[in-house]
Amino acid sequence: MTHSRTVELEGHIIDSGTMQRCFGAVMDLGGSFDVEQFDVGKHETEESYCRLTVSADDPETLRDILHELHQNGAVLEDPSEVDLVAAPADKVVPPNFYSTTNHPTEVLYDGEWIDVERIEMDCALVVDPEGASDGSPRAYTKTLNAVQEGDLVATDQSGIRVNPPERPRSGGGAFGFMQGGVSAERPSESTIREVAEELRAVKEDGGNVMVVAGPAVIHSGAGDALADLVAAGYVDALSAGNGFATHDLERSIYGTSLGMNVETLEHPRKGHKHHIWTISEIIRAGGIEAAVDEGIVTEGVMYECVENDVDTVLAGSIRDDGPLPDTITDAVEAQDAIREQAHDADLVIMLATLLHSVAVGNCLPSTTKTVCVDINPATVTQLLDRGSAQAIGMVTDIGTFVPTLAEFVLEGDEA
Amino acid sequence: MTHSRTVELEGHIIDSGTMQRCFGAVMDLGGSFDVEQFDVGKHETEESYCRLTVSADDPETLRDILHELHQNGAVLEDPSEVDLVAAPADKVVPPNFYSTTNHPTEVLYDGEWIDVERIEMDCALVVDPEGASDGSPRAYTKTLNAVQEGDLVATDQSGIRVNPPERPRSGGGAFGFMQGGVSAERPSESTIREVAEELRAVKEDGGNVMVVAGPAVIHSGAGDALADLVAAGYVDALSAGNGFATHDLERSIYGTSLGMNVETLEHPRKGHKHHIWTISEIIRAGGIEAAVDEGIVTEGVMYECVENDVDTVLAGSIRDDGPLPDTITDAVEAQDAIREQAHDADLVIMLATLLHSVAVGNCLPSTTKTVCVDINPATVTQLLDRGSAQAIGMVTDIGTFVPTLAEFVLEGDEA
Amino acid sequence: MTHSRTVELEGHIIDSGTMQRCFGAVMDLGGSFDVEQFDVGKHETEESYCRLTVSADDPETLRDILHELHQNGAVLEDPSEVDLVAAPADKVVPPNFYSTTNHPTEVLYDGEWIDVERIEMDCALVVDPEGASDGSPRAYTKTLNAVQEGDLVATDQSGIRVNPPERPRSGGGAFGFMQGGVSAERPSESTIREVAEELRAVKEDGGNVMVVAGPAVIHSGAGDALADLVAAGYVDALSAGNGFATHDLERSIYGTSLGMNVETLEHPRKGHKHHIWTISEIIRAGGIEAAVDEGIVTEGVMYECVENDVDTVLAGSIRDDGPLPDTITDAVEAQDAIREQAHDADLVIMLATLLHSVAVGNCLPSTTKTVCVDINPATVTQLLDRGSAQAIGMVTDIGTFVPTLAEFVLEGDEA
Amino acid sequence: MTHSRTVELEGHIIDSGTMQRCFGAVMDLGGSFDVEQFDVGKHETEESYCRLTVSADDPETLRDILHELHQNGAVLEDPSEVDLVAAPADKVVPPNFYSTTNHPTEVLYDGEWIDVERIEMDCALVVDPEGASDGSPRAYTKTLNAVQEGDLVATDQSGIRVNPPERPRSGGGAFGFMQGGVSAERPSESTIREVAEELRAVKEDGGNVMVVAGPAVIHSGAGDALADLVAAGYVDALSAGNGFATHDLERSIYGTSLGMNVETLEHPRKGHKHHIWTISEIIRAGGIEAAVDEGIVTEGVMYECVENDVDTVLAGSIRDDGPLPDTITDAVEAQDAIREQAHDADLVIMLATLLHSVAVGNCLPSTTKTVCVDINPATVTQLLDRGSAQAIGMVTDIGTFVPTLAEFVLEGDEA
């Protein structure tokens, strides 16, 4: 027996690849389709519309197909309201709960399509019937461990509309549209110049810039340049780990990073002592801010973050030495802190850290601009694959990238 | 002033991504479009048709847009005949000559669309007005250095129709359609089993299997397994280099590869002697076949290739020691030999060699099935990016891949 | 003015590279040396002895040189007792505290050289004067955050003797001595056979085997093979993360890993739902063991670990979804759990995880045998660089490595 | 029965690692040793001396051990003269011919130790009894395919002395001594500054600088910076391939590299046409120099090489399009041209090309300074492993490396 449903798609669904993905999904999953209506946008500025009946031999296949179409923005022809079920206990979601994408999403509740707040993927979708200040309903995402008993959690996907990013009508500049891969063959300096222009533009628009940085930023000698960007006000939030902070603080206290003087390249031998001594100095002082106040730390990225009130999150890891007193050792607590930073960001620059970049990327809506820089192509590919609509990936050396970026950004200040 | 032309597209142009690429190209290149007619295929088995007028502010932009649409299969509404110009000298093509894609192509000559033979990218397209045995016209590709004075070479792109691969209607199995990237996260053994099934299927259909192999096949201990596949008749052509052959011959003569016994892992020290001695032994014998005949070489891949009359091409490189007398040291001559192999192949398996794989890939039409295996993801990505319509990429260890493949292929023989 | 001290070195100090490193260190750091006595071992079984006076122009340089020689096993000619200072507060070590290496170490306390317990690098060294059950002194390492007020912490390096590993007199088999790099060119199957033999040998000697596993083990289809090794009793401890466990549990509950059926390769689309649903199922059950008891989880690595009472530690990370109730989210607590596993292990097998492998490697003495397998050469190099005296590094595909290893190990059981 | 021989070693054999390697080799290969005499250098400036009797159970093992010790500089106690055998035919060496290392080497002929000229590894060693202008004997290396009938070729290793590089007494600066691996964690800008200083120093001493460059230099936008270095006289020889030259010429003729404008990043679509058109333009002109003369090519690396009479070798490969008329398509002929460049070079800078760098490295004596830069750590490691005594390896982005290098080098000119 054949099972069928009719769905609608609209928007720039041809050149954004939506139609291709939807037709492909139906065929891949073993279904078939009938195009009921297809109104193509005559010009590049006109939207298209498609009404499509999909069929499958069994209800499970149909459900899988509809799920896939749903993720690509299809809506059932006559959508019903969102189906809410109360969470039976803290952290426990109802069976068949709706797991969010990272795209802008709406729910049909009480006859109205309302926007879902705090978009983030792999979350539960909770509706609070009187959550707004005026008593009107609100919808927002909640991570599984934030779900509380009684939360009204969306199940299935009825009454939920996803809006995947569309291809911008005019050129997105260096930010590619949904580019799945990374070309290592783009000219490096021109691309860095584009990132610099974007960074300046975001700040000029009053936007929020988040930097996610790995320890290689310091090893590679790029710490001073990043500190300069912080001092000049180009960084609103820093998300890093215990290792990054320790290497940076070691530079300020001992002039070395893992024991090497990053300018003279001398004495690459006594690394561990400086590293672990740095941690013990900061513990003794009571934390990084205290160490800055006491004059123990007098320069570097962490110093500038303290001096410039940058929102800094240091997340712990099982690889950490110490850790520093400022490091948030609980992963869930650290994730929540990162989530706050990520939700506020307009531009996220990920520098040579897979671990932290994935953690941040997990919290980002697909609409946030991201720049991802790493010397390992696999890291860049993995991060861009997360589906950001506007992303620049660069396979380059962080030790020359950050100084060049800082030069391009800061020379603009002088002009 | 606006410059416009009208083009037509037909086929599975939505789910093959053709429409998306064409609309995107117009916008990227700064033009605009009007859709004159769009007939969408109602079912997955029906083709679609689109007639499109593209416009640009200047003739250069229009030409660039039309070039891009052309490459994606668009044809001018009222196509004129192919525009042929005689080559002024050997190796010298007319200005503005047409450079081929790797997709099936036709030319409109004397009122007929005729298929272009020997499809290969970056070549000239030559029409021989009476080239066929019955005196009818033929069209074929020629590399630049094969062009002869007086050849009638196509210029511009008028009268030329490209047919990019379309998404297969039913699942292509492991062979992905135009997959741009490589997932390192596919389960290895299941994927190898699919390759084994494909290899058996091609041979059962009387097809031609070409193996492109790098020296790592031997170092990694996979030589015996490849020799087994050759001995069992699963390899019709081998394309490799001087290094591959030398390592394989060293194993037969000295039991080592670069001096290491690949079974006992012993004595990894005396490598260079064995390597260069192997070459001098083969030179003394007069070549590989002579060395097999004299009983100097008694096992291994090269031995089985001689015994089983496998079409073998050893191409030289500036990195080679020796080289062996069998190695073709001239790059153009070697390319021509590889080209013959590539044009005959129905399935090409590329094992751990970027250099030779790119050389082979350059000669392949986009319709040939390819399997590319390397431990370096960048190598696999680079090879898949060449636009094969049916390709499997695997990031895995050649030292376990080939033995597992041979086991899966040959166990089928026993059943 | 010249500052000098005389040190002694003994053992297989030539072929273990100790003399080379010591002479090199003096020259690199700008000092000079006089060899007072050098008795070379006449045969490969005899130890050598060297007494050396090192000099430098200033006391800081001399101290740096002596530190370097100390790390390589040199002892001052007339060693003084260990210099102990009480920790002023919890987690706060005295200035100039001694930071441990990962080599076997002794302290001279009360006229006796006593062995330091729980060897681990970058720790404080604490002496408990009456810590042994018979009231005699004990010495052991403590991480910074485990130091308690009043602990007697070693400072400087006087009275401390380090014993770096020496080159084994007879061949160490596949386990290379202090091999700094990794040859990707070793034959894969032969090397896996050696690892299998080592694994069997350790278990036959009643040893403890620790497996450190990343999520790629499951994605790559190697989960069943690892589960077989656990079921057959070859794994005593498993150290992994929330992601590994979730992927493995997803396979048991839904038959997929990130949504892909790892056998049929079908339906690679619905990943996220299964992944997050798996977590919510386990939360609902109350944990992995409860889910096994309830029959929700019926196979896989985690299932076998529960059934076979394998000591399992799941450490959290800021990248985690969920997390599972079994995951230790606090990094310090998780580190302590990993430390217990690491100190008990006789053989550690690290499978495709940089994060967890580094965490485990940080806790290991240089004498523990380790096997490190990853498809990324940089990961393998980084782990081997930690100075394990007996390590095998393999750059290979985990998806073929684990099944091949299991086959080699388990076929021995049948013989 | 025990077989024994006595050998001597002298020089800085402890801190250069010679003793460690020799003792290790004896043990690895299953022999034993007696140290007859060991005079250690008392100061860092004094050489050491060791006389050693090595024994093995069979003559083959003893021969293998002696071979290994020989390669590390050991000489038999009473060396006999070099054992010369006439080559029986062109390209055919006598059985058991001596295959050279890349270290400085001497032969004992007619009672005198004479230096071997044109040091290069994996060659035959030929003595010409009256080869010098004064009729005295000469010794030099010959590749196998250069050997001529009647050449007196050294066999076995008697009468041959190898002098492996010794650790420099004072710091070698950025050039590490026999560093087997590459630290990706060195600070990038400081290291580039050291390379710049070395480049300037070599030119100030009247030395010869050879640049080996891959196509990524042009793609990455670094072509202008390299052209600047050529124009300023810092490059004496350029060794590259057809691809490098074509990309560079395309930039001059069309302003693009593979179709992308490397400054504006625009129009990344029409690549193939420009690439193949460039080749056809150069063919039409008759070569690169003719194209420069005709004003077709007016800037770029190739332009500056023509204008500044830089010794340029373009070697062909089976991957080449075209090729250009200047490209040497025969691998043996190209190798010979590269060999001439390599033997003249005092400093070799290898930029983002594994293929050409290996080819050049194969021809270099171990005493030539080399700098190797690539974004792929495996490439850098592979090149440094060839045993250059003075090498800098950098894992960095060529697109930022070359401009930064040029800036540091050329700013020195202004001072």
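Each chain carries a letter (A, B, C and D) given by its place in the written order, and its residues are counted from 1.
Note that in this section contacts are C-beta pairs under 8 Å (C-beta built on N, C-alpha and C of every residue); 3 or more make two chains touch, one makes a residue touch a chain.
Here the structure is a predicted model, which means the values were calculated and not measured.
Asks: Please report the smallest number of touch steps linking chain A to chain D.
Replies: 1
Asks: Relative to chain B, which chain has the most distant C-alpha mean position?
Replies: C
Asks: Over half shared or under half: which fits the residue numbers at the contact of copies chain B and chain C, same or different?
Replies: Here the answer is same, because the shared fraction of interface numbers exceeds one half.
Asks: With chain centres defined as C-alpha means, what is the inter-centre distance between chain A and chain C in Å?
Replies: Distance between chain centres: 33 Å.
Asks: Would you mind pulling out the distance in Å between where the CA atoms of chain B average out and where those of chain C do?
Replies: One centre to the other, that is 46 Å.
Asks: Using mean C-alpha positions as chain centres, tell me how far chain C is from chain D in Å, no decimals.
Replies: Taking the mean C-alpha position of each chain, the two centres sit 38 Å apart.
Asks: Listing for chain D: what residues touch at least two other chains?
Replies: 28, 184, 378
Asks: Under the touch definition given earlier, write down the residues of chain B that touch chain A in their complex.
Replies: 14-17, 19-20, 23-24, 26-28, 32-35, 38, 40-44, 50, 167, 169-171, 180-181, 184, 377-378, 381, 385
Asks: Once bound in the complex, which stretches of chain A touch chain C?
Replies: These residues of chain A touch chain C: 25, 28-29, 64, 67-68, 91-93, 97, 99, 121-122, 144-145, 267, 269-270, 272-273, 275-277, 279-280, 283-284, 315-323, 327, 329-335, 338, 355-356, 358-359, 362, 376, 378.
Asks: Would you mind writing out the residues of chain B in touch with chain C in their complex?
Replies: Per the stated touch rule, the residues are 174, 184-192, 194, 216, 219-222, 257-258, 260, 262-265, 375, 395-401, 403-404.
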